[in-house]
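Common to both upcoming complexes is chain A, partnered first by chain B, then by chain C.
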Partner chain A sequence: MWRIITWAWRTGVITAAPRALEGPAPAGTKGRPALDPERCIGDGACERACPTGAIALGPVAPPEHAAGLARRPFRLDYGACIFCGRCAEACGPAALRMTEDYALSTRRREDLVLRATVPAVAGGGADARPAPRAAEETK
Partner chain B sequence: MTVEATQTALTRVLQAHGASITTTAQEITAAVSRSALPQACAAMAASGASLLTMVATDDGADVTLRYVFALPADPPERRAGVFATVACAVPLADLEFPSVTPLVPAAHWYEREARDLFGVVPVGHPDPRRLVLHDDWPRGYHPLRKSVDGHSAPPRGETRPFPFRPVHGHGISEVPVGPIHAGIIEPGHFRFSMIGERVIHLEARLFYVHRGIEKLCEGLPVERALEIVERICGVCTLSHATAYCQAVEAIAGTEPPPRAVALRTVLLELERLYNHIGDVGNICAGVGLAVGTMTGARLKDEVQALGERLTGSRYLRGVVRPGGLRRDLGAAAVSDLRASVDRIARTFGDLSALLQGTPSLMDRMEATGVLPRQAALDLGAVGVTARASGVERDMRLAHPYAAYGAYPPRLVAETAGDVRARFLVRVREAHESARLIGAVLADLPSGGVWASVGTLPDGGQALGWTESPRGEHVHWLRIGGGGVIDRLRVRAASYCNWPVVPLTVRAAMLPDFPLINKSFELCYSCLDR
Partner chain C sequence: MSIQRSDVGPMETAGDEIERTGEALRAAARRLFRRSLHIRQVDAGSCNACEFEVNTLTGPLYDVQRFGIDIVASPRHADMLLVTGPITRHLRGALLDAYAVMPEPRLVAAMGVCPIHGGVFATSYAVEGPLDRLLPVDVYIPGCPPRPQAILHGLLLALGRAEARLVDGVWQPSRSERAADPAGTGGATFPPQAVGRRDVS
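And then the complex of A and B:
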């Protein structure tokens, strides 16, 4: 018992600082996938790669004027996302990237859904298989 | 035993039963008739082989049952990786077959599961009750048959109470515990029969978190199914993922690059380290020794934080894939790994010395929850549970995978089979893991960490296995048309160990049960799938 008391005394209090005070999450932490709509080509590779069906691309709408781009709606439900990163891996133009942002709570369920409109320029096609990217490295 | 010697030994036993033999790189399969099935399995057991897993598959006109046996490690040559399978086709028109369980008790849960999920009937099985499907599933509905659509919700049948075996006598009380417990643990129901404080009998009712994992994987490409396999269990993530990837690689006939093999080994030992440290802490929680619980929890968290720095995941998810790894570790990550493991192992060493010098803890653990060696052998217990009862079973030694052939761990075993023995096995294995990590990292090969497995052949079938922190996980995988999964059978370590738990509480007092349960620290999720 004496040894337990001295152990507890010597150890003291150990506190691992909460992340918000310490800084960003460790590099490589898989947080929120973020979309850059300008880089997206609307080929749906992310939708096919997602194991939980969190990503949905809607039907292509024709361009508003002759020189414009065809567009389609993009929907990513963070409530269904498991942060596996397959969407970012599958994205050729790197429009979808995993961030280290892990603080995603919102007050309303619908605020967890990301909605955007993306260009639909890809020939892509329903059968296009995403090429696997080379392995990442933890430095 | 060398591969050749193993093959000869196994073939000889099987041929004695007039069976037709087919051989692949991993398996020697004997197809036997239903009437010869129990004797063929008994002969395998008598020759020293232990039942590794049993896989039932719906093959159209019949349900094929495959009883897979493994020979134990035979020092000094341990490169086996060859198994003997007794296969038997049970026609759909007549689903009865003679139960193997009376001769090989380790088959008991496999046969009950096959009955629930496929509808085959093991005649003569000592326990005809449902196992996997709870009693509100409709009769005659067998989810793993191909005719059943895996994406439709099953109809709810009429709920019937589970027929627990009653204990009759004067002054006997029944204490039901769970499935909702007084803590954040998984659901399971334990029905104790007591006289005063003494437990006379315990029955466990599990499979509350049966999610239909195996059915979910059917029809998926192998990379997709990996997402599901990684989530069978929270703390055996990497062990399951690696066993699965090894099965895929065996089917493809490819090997990951040497650096990937080495890093897989390091990460698998990291998983073992955080589990064993946390489990030692949990054993202290079973007796209320807060300093042990909290120090264990703190050290476990340090290993998991290390895991997150290395792989982006505290539970080591998303790092292994068929063909190798998803990410590499650079020089800085490797030094972080080495330094952190050294530091954590040293503190853990101090903690275990402190605990072993605490008579109140040691007294509670000694002679509590004894699992006799013969019971462990008969029921096919694996992992820490088996090794603490003197059964020297460790897949890293008996059938080396990853880099364990070149870096074999020292076998850690005890004989008393009590809580103290399981505690000591974990303490020593944790230090052995730290040593192994250092040894592999000292000689880390350079090069890439992934090589494509290519297209998988139709009908390709193989086993993948790992020695998880709780014991061996075995994945049996078969590929169907178009390179998708036809059947995945996941037999986790806990599948073999849950049945022995009720044997260890006889004559214990009820407050010892949490301690005994924590000394096994079995996964409900791994079992239930």
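And then the complex of A and C:
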């Protein structure tokens, strides 16, 4: 009995402080993927790797556009992302990377959607792929 | 002297008024539940990963009761419905029944990717979700599953006791980060050359 009491005394308070919400996450925590539009080449490898259809790229520009000038919209839905990290693995230029940000709660559904414009690859080789599996949009 | 249309401001539609009334009601509910929130957790076809995370909330490490939040056994006792899982056809009726017997005002939280979007179950024939097709959702807590801290952040956000970290998909600096860096030059992690974060290249 005495041993249990001294053990509990030595252990002290283990409850996490509320400010732990803002502190750094433990190593290896998978958070939201972040996009660097400067590095992105827009080849759509992330979109093909995504198991839930959270990443969607718009149509590639018609071939008459000069290479390097065409842009396509990029849409990443954090409401659909399961933080598996396959997009970051598939990304050649490391434009997508996994961060440790995990407290992603919002009051509006639209706040969970990241929109950006990224370059479109010349030739549009990624355009011939089938539609993503979770093609049904919620908004 | 007559009142002109231009004197009373722009024309308001009934939709605007309903929208404002709804927002005022939600603000009142947030104020009401600020220090005392009872949650009924409803499994609407979940894989149980989210339930494990909810279980840890009441343990000594996360201790959700110190915020005045508790998990109760019946929706009749609850202020908030915490929904996990994609809404399957079989559990849709049970979920709507649980919502119907809750006393007003009531909040709804969608926890995990499944009730928000469907996640890996999105294209299944047996899924009726996402949740915001069926019920008005007050807070979205994404993650697969969300960490207990992320759930806690979502609950405190629903009560107006925490700030949203994500607005339009862009990560916002926290209050302490803003205090350390008022100019906002390096507080956000987007674009990625932010302070205190590892870069991948």
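What we mean here is this: the second predicted complex is superposed on the first by the 94 of 139 C-alpha atoms of A that agree within 3 Å, B and C clash if a C-alpha of one lies under 4 Å from a C-alpha of the other, contacts with A are read in each partner's own complex, and residues count from 1 in each chain.
Keep in mind that, in the parts below, contacts are C-beta pairs under 8 Å (C-beta built on N, C-alpha and C of every residue); 3 or more make two chains touch, one makes a residue touch a chain.
These numbers come from a predicted model, not from an experiment.
K.L.:
Of the two partner chains, chain B (first) and chain C (second), which one does A:G85 touch, if any: first, second, both, or neither?
P.N.:
first
K.L.:
Return first, second, both or neither, reflecting whether A:I14 touches chain B, chain C, both chains, or no partner chain.
P.N.:
In the superposition, A:I14 touches chain B and chain C alike.
K.L.:
Report for A:P51: first if it touches chain B alone, second if chain C alone, otherwise both or neither.
P.N.:
So A:P51 meets both chain B and chain C here.
K.L.:
Is A:R3 touching anything from chain B or chain C once the two structures are fitted on A? First, second, both or neither.
P.N.:
In the superposition, A:R3 touches chain B alone.
K.L.:
Touching A:T29 in the superposition: chain B (first), chain C (second), both, neither?
P.N.:
A:T29: touches chain B and chain C.
K.L.:
On chain A, which partner's contacts cover more residues, chain B's or chain C's?
P.N.:
C
K.L.:
Which chain A residues are contacted by chain C in one complex and by chain B in the other?
P.N.:
14, 16, 29, 51, 82, 136, 138
K.L.:
Across the complex, what residues on chain C touch chain A?
P.N.:
My answer: residues 60-63, 66-67, 113, 116-120, 122-123, 130, 132, 137-144, 146-147, 149-150, 152-154, 157-158, 162, 164-171, 174-177, 189-192, 196-197, 200-201.
K.L.:
Taking the complex as given, what residues does chain B use to touch chain A?
P.N.:
These residues of chain B touch chain A: 224, 227-228, 291, 295, 298, 301, 305, 308-313, 317-318, 324-330, 332-333, 350, 354, 357-358, 360, 448-450.
K.L.:
Which chain A residues qualify as touching chain B in the complex?
P.N.:
Answer in residue numbers: 1, 3-4, 7-8, 11, 14, 16, 26-30, 51, 82, 84-86, 135-139.
K.L.:
Show which residues of chain A lie in contact with chain C when the two form their complex.
P.N.:
Of all residues in chain A, those touching chain C are 14-16, 18-22, 24-25, 29, 32, 34, 36, 38, 51-54, 76-83, 88, 94, 97, 99, 101-115, 133-134, 136, 138.
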